[in-house]
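Quick one: the structure is below, questions incoming.
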């Protein structure tokens, strides 16, 4: 029998890894990827709870999160492409001006 | 004549992909038609006389030697300069004797000028086209090799030496007067100047026939 | 380990500027029809700049010709446009005949016209085959080769070679045609229009083909003339210029044919022009067969093949072997100083020979105006702003042969 | 058996996660992410959420990650692999922060208790298939969020197009 | 219009430019000075009565030892709508081996002129991209000049030497085991001896 | 016991699919050859029947060349991704009554998932080789696969609506119980969209621009040689087979036929699948190739609206009459 807390621990661990990546990576694309990692951990959390609560709410939420994650990726990467066009760089320390 | 640039399709053609279906129908029909290819090493194409292939020196049946008289016409006409002849002159008779006759087949561009200008029909480009090899050496034909090429060619095709005909030995359609004596050999009537073909009533007939009718 | 991008720039020593994506198309590329190299600068798939590089097949024919007699240069012309070498032979011969003022007998003229149109068919068939293959219709390729083989067989019958024909000689042709040749050629012309229909079934109205060819590589009439385009490539733009009509040679004044002209100047127009030309060639061949007169096939004053390099110099004293040399020495007055430019309409366009003679048996200077050379020069104009796939279609539509381009 | 599978998936997910945030070559990161998504889908399967597993692969792996790859190709990676993947002095800060966060979470997990059970028992879901159950839930109870998600996607598409469009 | 008439018109318009008019086998060549060649050709191209819009051929000729002025650049012009043509031959002396480019009149002259530069060494002023075209960059000399040695002067092209060197380097891989270092003696040769 | 049965099924299906791949290449060459009035392979064995074996041997023993500047790990992995994702899709196909390696409820989604993964192999192959032609080919291919996946998915929505299931076996059963016995008739628009998308999804003519040999030499597999090239080749053919089987399952009634052939329960299934594979060859022999932007335009401007229209139509009809 797999306990719910196991899932929650895995999820927490993955989330922290994502946070670490988001805080430390130089490349904006990799930061976005870290956010995906965090979203995944949240998804796992929700799906597990939903399973153990015998209710579909959590899984429906996961479904929506996946949809919104797609939107987020599209927008985020669009911004990265625009940034790259203007600055010729995707590195956080190179992008210091607040211009479009 | 201005060509049409009208490619508008009718609605039905546009929707039901009629032109694509027509194409598909054509390829499907061709699937069941006879193929036109020749399975080369098993089957071979029949060559027409005068195909410009491997070089050979014609062996004179009487002397069993090459007919060459070392007039140097072939070597001086050769655009690729792949023929080299050395000869010596007999002091008394002023006759020339061929010392060596060499053809570098790798340089040759197979234009057939040499056989056309040869006044005694000594050199010929035979209808043999399969003589590839791994090294360069076998393509350096000397006199012996050239005579051997001739023998091999005759043997391969079961030809009799004096029956061999090649339109470059006696160019088709040239009047007899324009030919040097050595080239005045017997040819089918169609090849002679008098026997020229023309087109009449849906088939090719010789000019003589056309005139007599 | 470098800490940031600024350091990297220091190491590399250049500003990170926006470089276009460059692609070297060729010299080994399946769609460049030989050893053409195109340096494409791309933005996505759009071509910003197309720089053709040629010369990989340069053999120095012009320099060679300065050291070979007129007759000896003729086989070299086979190697120019090697897919329609008959046409080059004829073009070269008429140029030399103009220079030496030799009148070709009528029968030879008809035969030459016939083989020239056959060469046009072989050239156009190979063009259609490769053009269609480049655009992806691979079956047309083999259907075209099926017919081309028949034509090559006929070449083999009359001159003993399929590709490097060297069929003409100065003042006529080297061999007369045979009855079998005429009959098989006639059968071919009967059959050929239906074969053209077959190709057209596969591509002519096909929506993919139309999308790939229409409005691609447009060149206006003025630009086409200015670029020096000739042949079907020029006529696709709507300019009525055909050497066969403008400066008739051989038997072209005696046969009836029309010159197809396009309107828009895109790939599709050029394609249609060539397809129509095939019909016209077919009809010319037929007229030539039917009107073939009797008579000599070489001019009586045609020089012997063994043309001396210097007229004054007597070749190998034994002139008795040949009637030709005597004739030549007699006619040495026709080798005079002067220059001529003579062009002929080969499948690719206007193939011109410019001769400068200094009165010897070899040309002092021969310049070949090869259509492919000019057409490749026009590629950078045609390809600008098109997509990568269009570059292929455009190369196919201007129909270049690198042997002719590089000479 | 189920435990074994769980541990396998969980370990791989954690290990890959660590590798992803530390790997130097972004393309390798994306590839590892792909593998991670597969194991994530495996975890979903363990949770009887087969539809989610499929969506995870189709949307995350099939669409989002490919987008990442595309954008990565736009950027010159040749220089990237020569550089350190982390910002200056950020590494240790990140590690400390992440560990602290994890400890906080762990505390929460330990004291976590579930609320009341709902009506979708495992047997019921298996009987009507997960896809159908999800569908029913989404199209009845959660129809408004569904529509909102649709609008968000539309906005994202338009926004993405507007941003990526080249200024003429 | 007959070519001789065109020649006459040119003479009328540019009396100081035309040096000579030559006729050979019905074709007329007008020998001109190179100074105002672009102006002359532009006039020929634009004049409605002449309208020589098709540059059929452009090439250079080297008259080393034959004529006083060594080079000539030959323009073969043709009028597509009016169906007449003429040849313009511009003299280019050896010590000032340069002539104005006509790419502004005919776009197609671009490659003709590059070829002429490549093979004869005549430079074209105002040409947008005058590089070697048929021969590789870094080739020495201009082969169609009459004084160019026919055997290449006994020297390899530098690029060829590079290729040879590279092939020598690659030989160390010895893909097929066929390459033998000529400096080394192999056992086979010994056995033969 | 059940596990063993599954293993046996896997082995059987794998062997059969591999054999089909081998001979699919042979028949492709033969069919296209005869359509082009030539003969195709003739030298190895009678009528070249052993040609695939000879080809396989040759490819296995060829030298495996890796470009010096390539990203080696990714370069190794790319063909495997392609092959594995193509092979895994076979697992859910029902070949006859009760025979599918895995009869899962989300079979259709599973196939979509697997075919969307194939684009990874392609795009990574294109990128890792560090060759510009490969890269362009890879980008083209993944863009093409992603956009046509949408059209394909939407075209199958009609089938899902009619059958009410994502399980492929259930879809076949639902077809057998439907009035027309096959979904081809009520879903003719969906079928058309599916067939076009199927060609694009497998990168076959007229949508073979990722590997358009006349433009991009060989696209993403330009730098591959020997066995690794063969893996791509196998993946392509397995993809063709999977797509053909999917078309048979979703539109032509799977293994059902006008009458039962005793002893060969998969007779009708194979016959229909062979027709689709033949269609691939047939179209390849006939049609030219699209240009990249035209292909995208076709996908987004024609096929997706058509598929959406089909969904609306099916929904309307079903809610009115069903």
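In this document, chain identifiers A, B, C, D, E and F correspond to the written order of the chains, with residue numbering beginning at 1 in each.
To be clear about the criterion, a contact is a pair of C-beta atoms (placed from the backbone, for glycine too) under 8 Å apart; a residue touches a chain by one contact, two chains touch by 3 or more.
Note that this is a predicted model, so its numbers are computed, not measured.
A comparison of the C-E and B-C interfaces places the larger number of contacting C-beta pairs at B-C.
The central chain here, found by comparing per-chain C-alpha centres with the mean of all protein C-alpha atoms, is C. In terms of their C-alpha centroids, the spacing between subunit B and subunit E amounts to 37 Å. Per-chain Cα centroids separate subunit A from subunit B by 77 Å.
Separating the CA-averaged centres of subunit B and subunit F is a span of 52 Å. Note: centroid distance subunit A to subunit D, computed from Cα atoms, is 6 Å. In subunit A, the positions touching at least two other chains are 26, 93. Chain contacts: subunit F has residues 35-38, 285-287 touching two or more partner chains. With touch defined as above, residues shared between interfaces to two or more other chains in subunit C number as follows: 4-5, 139, 146, 202-203, 206. Against subunit D, in their complex, subunit A makes its touches with residues 1-2, 4-10, 12-21, 23-27, 29-30, 32-34, 36-37, 40, 43-44, 47-57, 59-60, 62-64, 66-75, 77-82, 84, 90, 92-93. On the side of subunit F, the complex with subunit B involves touching residues 31, 33-39, 42, 282-283, 285-287.
Against subunit B, the residues of subunit C that register as touching in their complex are 68, 71-76, 78, 107, 139, 146, 149, 153, 156-157, 159-161, 164, 166, 174-180, 182-183, 186, 198, 201-203, 205-207, 210, 214, 238, 258-264, 268-269, 272-273, 276, 289-298, 304-306, 315-316, 318, 321-323. Across the interface of their complex, subunit A is touched by residues 2-3, 6, 10, 13-14, 17-18, 20-21, 26, 29-30, 33, 36-37, 40, 43-44, 46-49, 52, 55-56, 59-60, 63-64, 67-68, 70-72, 74-75, 80, 83-88, 90-91, 93-95, 97-99, 101-102, 105-106, 108-110, 112, 114-122, 133-134, 137-138, 141-142, 145-146, 149, 152-153, 155-157, 159-160, 163-164 of subunit D. Residues 25, 27-28, 31, 34, 50-51, 53-55, 57-58, 61-63, 66, 69-70, 73, 129-131 of subunit D are the ones that touch subunit F when the two sit in their complex.
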